[in-house]
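In what comes next, chain A is part of two complexes: it sits with chain B in the first one and with chain C in the second one.
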Partner chain A sequence: MAQHTVESVDTAAHRVTLALEVGMYPIEVLYGAAYVFIDRCFVLLDKDEGQSKGGRYLVHLRGKTDFSEKELLDLSGEFGNELLSQALRRKIVKQNQKIIEEITTQAIAGAAGGTLPTDFLDSSDDGMDFLDDPLGIAVPWEDKFKKKSAEQP
Partner chain B sequence: MQVSDVISLGRVKADFAMPFNHRVVGQHYLVTNDLGDHLFLTPDELRRLSEGATVPGDGLYERLTAANLIAAKVDVKAQADRWKRKHQYLFYGPTLHAFVLTHRCNHGCQYCHSSIVGMDRTDTDMSIETAERAVDLVFQTTSPGVNIEFQGGEPLANWDVLQHIVEYARQKNALAGKTLSFSLVTNLSLMDDDKLDYLIDRKVQLCTSLDGPEDLHNKIRIYKDGNAHASVVGWMKKINQRYKDMGLDPNLYRVEALPTITKPGLTRWKDIVDQYVEVGCKAIFLRKLDPFGFASRSYKTLGYSMDEFLEFYANAAEYILELNKNGVQVMERHAALMLAKILTDQEPNYLDLRSPGGACVGQIGYAPDGSIYSSDEGRFVASMGDEMFKIGTVNDTYHHLMTNAQTRAMVMAGLNDGQPDCVNCVYKPWCGQQVEYNYKTQGSLQGRMRDSVWCKKHKRVFDWLMARVERADPEEMKIFERWTSTRVLDHYLQDRSALGDNAE
Partner chain C sequence: MSQDQPAVVRLHRAMYMQQAIKEAANTFADFASFKIVRDGEHYAVTVSDIDGEVEGDVVAEFCNFALHNTMQRKKKRI
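For the complex of A and B:
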């Protein structure tokens, strides 16, 4: 499957629906990309369990103003670009995490006068990666629910 | 020129070269490292760098060594110190403090970035109480230098508060001992002799907008009470003459002006530059229309593509270079800032070309109601109804403003090291981003550089500049080097022991 596909375009409703395979992008990337569009569109994220092995995410973008068919298709293309950009940035930020944190800390400490809150940048000695998710906040509820259902006799 | 034709991954000697980025410029590969060193290499020289196929005495080895591109030859301690010097801005807080004294304005400029109101709306003026609280915050910055910039609306419309801020800040500085300066961004239409006497006496630097010849300027900068162009040019000449009469060097001391380039100006690059030379300007900052304020609404009539702007820019910049060859000393400011970073070890601390960008830790903006924004652009976004960049108010502590979650997010988002494209870009050591621009144009603080107008503009201006540097003859290099020489404008610095007239 391609990165994402246009599932449907409804010009009367100024809506385009995209589909992407679960697992193609981390869920945070999907959230991040979707968020970028909320000033122009009403965004609904959904999941289609049926067609492929892991299911598909469906992204419904409905324009807040009138969108032509071409504009709706452009919107879907831009969404794909945003997904890729967010995913790559996530990787780069992880790779460069140390230097990013050190420069940021220095810039803020330099500006603030050298005294920072103890929880600054959440860099307390908990041995955690900043992308770690110990509370499972980023885990889709569908996955949590499925797990519990599977455990039940 | 495909890099895959030059570099064979199987033959790369990974530990030979310092990490570098490259890009084809003219007939060469431009190569840079994170320290900002650069070299133009032929394809074969790039191959030899990647394979470590160069030895002392072959010329290339010496050039690579001088440019800190051979890992084993880098003096780590010296280069770490150099990196620190070039990133001195990381070690102190905001230097630029933009005070919006009022939203009132008597002009109706079609592209105005601020939210302006009629001259009767005195309720949009900054009060003395708010002004004093803001000045109190200014003096808490860890920066040894402070510039208080008066903006609007038209800041001269709130003259009493402007004067009060000058006196109050001078008084505070008697204790603080900072390098303090003031600047006033004005359309000059409310200027009179008394105000000018005061501003000159208090060494307030004057900056204005001049979009070009009369027809062009007046078409965009609408002033119903008179001829906007005649007013601004008349005052510029008068003020420049006052500086001259005071014995100040006219090459350094004059009214600074900025044009905003609009669609009608795209073909008028020669007229615009000539106008600046005619009024005695030594620098012209060819500023692209921003997507803020009225400009976002009038973009259909005033806007243009980035390609159109870059064609304009190259024409104007070539013309400026030609004028210099004919003995007329005038520079393009954007090119000059870039050249200072490219050709010297100076860091001009230009907030749009640094990493992290200037939001919050390089500048802050104070609105008349006491709201504080990440920058001038942050308050432009607010004027469009979006308070995304409000980091607090004058009632907050300075420490809170510098360490709160928004500030931290903006600093992190404004780092080149976290951006796809930027991390691999040959211009990375000299470039920067503006989170407000990213947000306004692409919906997130980080944006997407690959299809960002901001990135395209900077990349292409760097391309033009580096292509000119690559093929520059000695006369042209001398001109470029002259553009990078900076002299401190001592006259505008306040005497550290000066007390305002109202000091006790």
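For the complex of A and C:
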């Protein structure tokens, strides 16, 4: 089986049931496709053993309004397309996961005005100790101005 | 006014999370009574005392909510 199959069409109940092998798509893909249809249909997911090794997913779609047989079949086709779309989206996200994370990290760091982790990689040693005070910041005020004030009358 | 006949929905345990089903049952608690029990590979949800004045299909809407809640919870896990 290369794709999903229409298991049954019940025009009286405005319901179509699709079946697809468990190994064909990850369950996240099925959820993703179901999510797209949840505003138009009542979606019920089920699973049965079927004839294949891992069993089958069953997708029951029932229209929220009255659907004709043609509309139900169209709906099942749309669901199949959505499965493919979700599978491709998932593949692309997986392939580009690192790039997405890198760009997001840089964007957040840039927006925050902070330093990037890469800024710390090239830390050139200037040979100074933390006790060195070339600008005389640590010299007390009294020591700095004692002479001047003593010279003045 | 309520519908006499209770409806039983079977939700597969591999597809629906129990907490998600409970959350959906809480959402619809004003419109029907829900009893959730494990039944083999499924959760059997008995929906009774359905408010007859409610427009729409309470049971089907409940199933949609249970599915949506499951998706949300699985998303959080990822």
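Assume the second predicted complex is superposed on the first by the 100 of 153 C-alpha atoms of A that agree within 3 Å, B and C clash if a C-alpha of one lies under 4 Å from a C-alpha of the other, contacts with A are read in each partner's own complex, and residues count from 1 in each chain.
By definition in this document, contacts are C-beta pairs under 8 Å (C-beta built on N, C-alpha and C of every residue); 3 or more make two chains touch, one makes a residue touch a chain.
Not measured: the values here are computed from a predicted model.
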Partner chain in contact with A:92 - chain B first, chain C second, else both or neither: first
First (chain B), second (chain C), both or neither touched by A:110: first
Touched chain A residues, chain B compared with chain C: B
Contacts of A:35 with chain B and chain C, given as first, second, both or neither: both
Doubly contacted residues of chain A, that is, touched by chain B and again by chain C: 35
Interfacial residue positions of chain A with respect to chain B in the complex: 32, 35-37, 39-40, 81-82, 85, 88-89, 92-93, 96, 99-100, 103-104, 106-108, 110-113, 115-117, 120-121
Interfacial residue positions of chain B with respect to chain A in the complex: 89-94, 141-142, 355-356, 360-361, 398-399, 402-403, 407-408, 411-412, 415, 417-420, 423, 442-444, 446, 448, 450-451
List of chain A residues in touch with chain C within their complex: 27-28, 31, 34-35, 38, 42-47, 57, 62
Of all residues in chain C, those that touch chain A in their complex: 9-12, 14-16, 41, 57, 60-61, 63-64, 67-68, 70-71, 74
